[in-house]
Amino acid sequence: MSAGIRVTVWNEGIHEKELPRCQAVYPDGMGKAIGQYLEQQSDIASVHYSELADPDQGLSDAILDNTDVMTWWGHTAHDKVTDANAERVQKRVLAGMGLIVLHSGHMSKPFMRLMGTGCFLKWREYGEDGEKERLWVVDPSHPIVDGVPEYIELPNTEMYGEPFGIPQPDQQVFISWFQGGEVFRSGCCWHREAGKVFYFRPGHETFPIYFNEHIRKVIHNAVRWAAPVRLADGFIQGNVQPLEKME
Amino acid sequence: MSAGIRVTVWNEGIHEKELPRCQAVYPDGMGKAIGQYLEQQSDIASVHYSELADPDQGLSDAILDNTDVMTWWGHTAHDKVTDANAERVQKRVLAGMGLIVLHSGHMSKPFMRLMGTGCFLKWREYGEDGEKERLWVVDPSHPIVDGVPEYIELPNTEMYGEPFGIPQPDQQVFISWFQGGEVFRSGCCWHREAGKVFYFRPGHETFPIYFNEHIRKVIHNAVRWAAPVRLADGFIQGNVQPLEKME
Amino acid sequence: MSAGIRVTVWNEGIHEKELPRCQAVYPDGMGKAIGQYLEQQSDIASVHYSELADPDQGLSDAILDNTDVMTWWGHTAHDKVTDANAERVQKRVLAGMGLIVLHSGHMSKPFMRLMGTGCFLKWREYGEDGEKERLWVVDPSHPIVDGVPEYIELPNTEMYGEPFGIPQPDQQVFISWFQGGEVFRSGCCWHREAGKVFYFRPGHETFPIYFNEHIRKVIHNAVRWAAPVRLADGFIQGNVQPLEKME
Amino acid sequence: MSAGIRVTVWNEGIHEKELPRCQAVYPDGMGKAIGQYLEQQSDIASVHYSELADPDQGLSDAILDNTDVMTWWGHTAHDKVTDANAERVQKRVLAGMGLIVLHSGHMSKPFMRLMGTGCFLKWREYGEDGEKERLWVVDPSHPIVDGVPEYIELPNTEMYGEPFGIPQPDQQVFISWFQGGEVFRSGCCWHREAGKVFYFRPGHETFPIYFNEHIRKVIHNAVRWAAPVRLADGFIQGNVQPLEKME
C-alpha cells in the first residue's frame, strides 16, 4: 500500500436532493462529508465519489478496478441497486476490496449478501432531535481505535438496537449505549475470503455525524485496516495435482 | 427438545440412479445411509427423507414446519434447486432450524447464501481409490466430538484443500490432513441469527463413508448441537418505543 | 450426561456472615440461592456446596472428582484462595470441567488464570439501591438463552462497564445496558482445551438477583452447556511416532 | 507508528553455545537470524537483542520501555525465566506491546500466562533431517500473509501436532500439514486487552528456518500487525461516576 489507498465513497445521494433537513446538514452531500477528511490524509491516494444516479450506478468495472476500499452509504433506495451490481461489489470484496458499510447500509444488498443473514435490528427515530448514543471501545488493541477516545458520544442520533441480525463479528470493536435503553454492536469487523468488511453504525441523514472528528478518524482507520492484502502469487481454488508422491 | 428432534435428510438423489459405483456403495441411496443411524437414536423423534425429485423439491413449508434440523447432501445439481427454495431454507435457518451441510454441499445454494462467500476450494479425485484423509479434533470441548476418537481416518476419499472460501468458523472442530499434501477445515460451526450451521466434509458418492461409525456419531452429535433454541417470547426487530423515560 | 450433571456451587461465604444487608437478602447464604434451583432440575444429578472456610477450601480432589460443572462466587477474599487451589481448578477446567463464573468472580484467581488477562473493568455502587441494568440477548441461537426473554431487566444492581479486560468471547451471548451510561459484555463463553467457561455478570451480595427466575434459568442453561464432553479415548499430547510411512 | 517500530528480539541463547549443530546452522546466534531481516526494513526503527544471560534476563523496564514489539524464542530453559519477568512481559502485552512467539516458545512462561491454557501439543523429532512441513494460508485477507505464497514448504523440520492446547485463535492465519500425518494451527493471532499476540510455529535450533525468505516476511508482517495502538487518552478501569443524570 506504499502508493496510497484508492477510496471510492459510494453514496445513495437521494436524501440530499429531497429532504430539506438533510440539505441543511449536508449542503455538499453526504458523500462529500464522508470523503473530504480522507482526501486530506497522506496515506490516501485518491477519493472517487460515486452515486446511485451515476452511469452504472457508480459501480462500473473501471471504477472498481481503481478502488482499494469502498465506503457505502444508502438508505431509501437499497432495492434500486441492481442485483448484478450488488453481486459485483460482493465479488470484489471476496477478491480483496475493503468495504466500510455505514449506518443504514446494514440493509444494503452488498452487505446482506456478504453477511448471509437478515441484518435487521430494532430502530427508533425519536422526535426531531433523536437521542443520545455513546459508542464504547471494547477492543483497545484494534487499529480502528487508534487515537480515538474510550467512548464517542453523539448527543443526537437515531437508535439501533439488538438483536442485530449479523454473524458474530470476527473482531468486535465498538458497542453502543442508547438513551432509550438499548445496546448495539456498532463497530464490527469481518474477514471474508481475501477481503475485509467493517460495519460502523454512526451516521444519519439529518444529524451532522460525518463532521464529527472522532467518527472521521474511525472511518479513516477503518479504510487503512480494510486495505487489500495480496498473496505473492494469489491462490488456487479448483482441481489440483498432489504435492506429494502417491503410491 | 424433550419431545425429540425432527430431522429431514435432504438428498439430491441423482448419483444413486445414474452412477453404478454409487449404486454399488449406496444401494438404498445416500439419504438412507445418512439417516438410518439417526432413526435409531432415542433423542431423534423422526427422520423424514426429502429428494430433489420430490414435489416442491422436498422443501415445502409443510416439511420445513416439521423440521428441527436438516442435513443436506448435493453435488451435481446444485443449480436445479430453485432460488426460492434456497432462500426458504436460508430463512428457516435464520429463524432457528439447524443445518448440517455435508461434503460437496459446500457449493449448494443454501450454504453459499448463509456464508456470503464463494465457498470454493481445492479438490482432487485421485484414481479409483482416492487418497487418505485424517480428520483431527482441534476442539476437544465441543459437543460435536463427544465419544469420537482424537482423529478419524478415512482410507479412501476425495481431497478438499485450503484456502476454503468460508468465513472463519465460530467454532473450528476438525481439521483434515490429506495424503497428497493439503489441509482442510473439515468440521466448522457457525451461529447465524437464531439458527446454527455445521459443515462436515466427509462423504462422497463412491466411498462408503456414511456407514463409518465415527462419521455417523459426528452427524448425530451435530444434529443435537444444531437443534433449535427458543427465546421465551421470540425477539423484536423493527420500530420500537423507548424503554426509558425520555426528557 | 445421561446420568445427570454433578454441580459444585463454590461460594466465598463471607458477606453472609459479616454484612447485615447480605444476611437480610440471602438468609441461607448466596451459595444456596444459586444452587437451590439447580437441585430441582431433572438433568442435575447432585449439587454440592463448597465454601472458602471448608477443609481444603472446598476444593479437594475428592470434591473435584465428583464435579462436572462448578459455579464460582467470590468477592472480598479472592487472595485467600491458595495459588495451588486456583491452579487445581484451572487444570480441571482444561481437562473438561465446566466453570460458571458469577459477577465479582471476574477477579477470582481461577478465572484470571484461565483468561490470561487482567479482567478488570469499570464499576460503580450507586447509593443503596444501585441502578438499572438490562441484559440484551445478542445470540438468539445459543443454548444458554433457551426460554429466556430477549432482555432481562434488573432494577437494582451495581454497574460494571467496558473496557472489560477479557479475551474476545468465543460466543458473545448477552450485552448489558446500564442506567448510568455504560455497556458491558455480561454473558461470555469460552472454550479452553477440553473445558468450557461461562462468565455471567448478574449478582451482588446486597440485591436478590439469584432469586430472579430468568437469572436462574440462564445459570441452569449454562451448566448444561458447560457439561463435560469426552473423546472416546482422550487425546495425546507429547512425543509421538509418525502415522505415515516415512522414507 | 510513523517513527518506526522498536523491536526487541528475545532469545534464550543456550543451544547456540552448547549444541554444535545449532552453532553450525546459526553461527551468529538465533536472535541475530531472527532480527537481521527486520533491521533492514524501513518501518523498523530499531532492533534490540536480549538474551536470558543478560542482566535482568534482558527484560528490564528500560528495555521494555523501548519496545513496541517483542519476538520470543526459547526452548530448553523456560523455567529459568523468573516469574516476575514473565509477569512483567504479560503485563506489557496487556498494556499494548506486541508479542511474536516463535516455535518452542509455546511453552514459555509469558505465552502460557497470556493464553491461560496448557499450550502442549504432539511433537516428534524425526531422525537428523526431520520431516516435511507445509504451512497453508487459510486467511488470505490477513496482513500477516501480504506477499507470502499460498503455502510455505519447509523440507526439514520438527513436527508439532494437534490438539494444540490453546484458545481458539481470534484469527487463524496458517494451518500446517506434516509428512508424518498430523496437522497443526501454525499461525495464530490473539488480541489480549490493549496488546496483540502472534504465535508462529516455524523454527528450530538445528534447521536454518529463520533464513527462509518467506518465514522472514511473515515475521516482519507480524511485527507490523502487532505494533501498539493507542487510544487518545487511554481508558479507565476502576470506580467511576455515572455519565448520565441519575434520579
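Order of writing sets the labels: A, B, C and D. Residues in every chain begin at 1.
Simple rule for what comes next: a residue touches a chain if its C-beta (ideal position, glycine included) is under 8 Å from a C-beta of that chain, and two chains touch if they have at least 3 such contacts.
Predicted model, so just to flag it, every value in this text is computed and none were measured.
Trainee: Determine which of the two chain pairs, B-C or B-D, is joined by the larger number of C-beta pairs in contact.
Mentor: Top pair by contacting C-beta pairs is B-C.
Trainee: Quick one: subunit B and subunit C, Cα centre-to-centre, how many Å?
Mentor: One centre to the other, that is 32 Å.
Trainee: Rounded to the nearest whole Å, what is the centre-to-centre distance of subunit B and subunit D, using the mean of the C-alpha atoms as each centre?
Mentor: That pair's centroid distance is 36 Å.
Trainee: Residues of subunit A touching 2+ other chains?
Mentor: As it turns out, subunit A has residues touching two or more other chains at 134, 137, 139-140, 150, 161, 163, 168, 170-171, 179, 181-182, 191-193, 235-236, 243-244.
Trainee: If every chain is a node and every touching pair an edge, decide which shape results: line, ring, star, complete or other.
Mentor: complete
Trainee: Mind listing the subunit D positions that touch subunit C in their complex?
Mentor: Residue list for subunit D touching subunit C: 90-91, 94, 113-118, 120-124, 126, 131, 159, 161, 163, 165, 167-168, 170, 179-182, 190-193, 235-244, 246.
Trainee: Hey, which residues of subunit B end up touching subunit D in the complex?
Mentor: Interface residues on the subunit B side: 134, 136-140, 150, 161-164, 168, 171-172, 175-178, 181-183, 185.
Trainee: Mind pulling up the subunit B residues that touch subunit C in the complex?
Mentor: Interface residues on the subunit B side: 96, 134, 137, 139-143, 145-150, 170-171, 179, 191-196, 229-236, 243-244.
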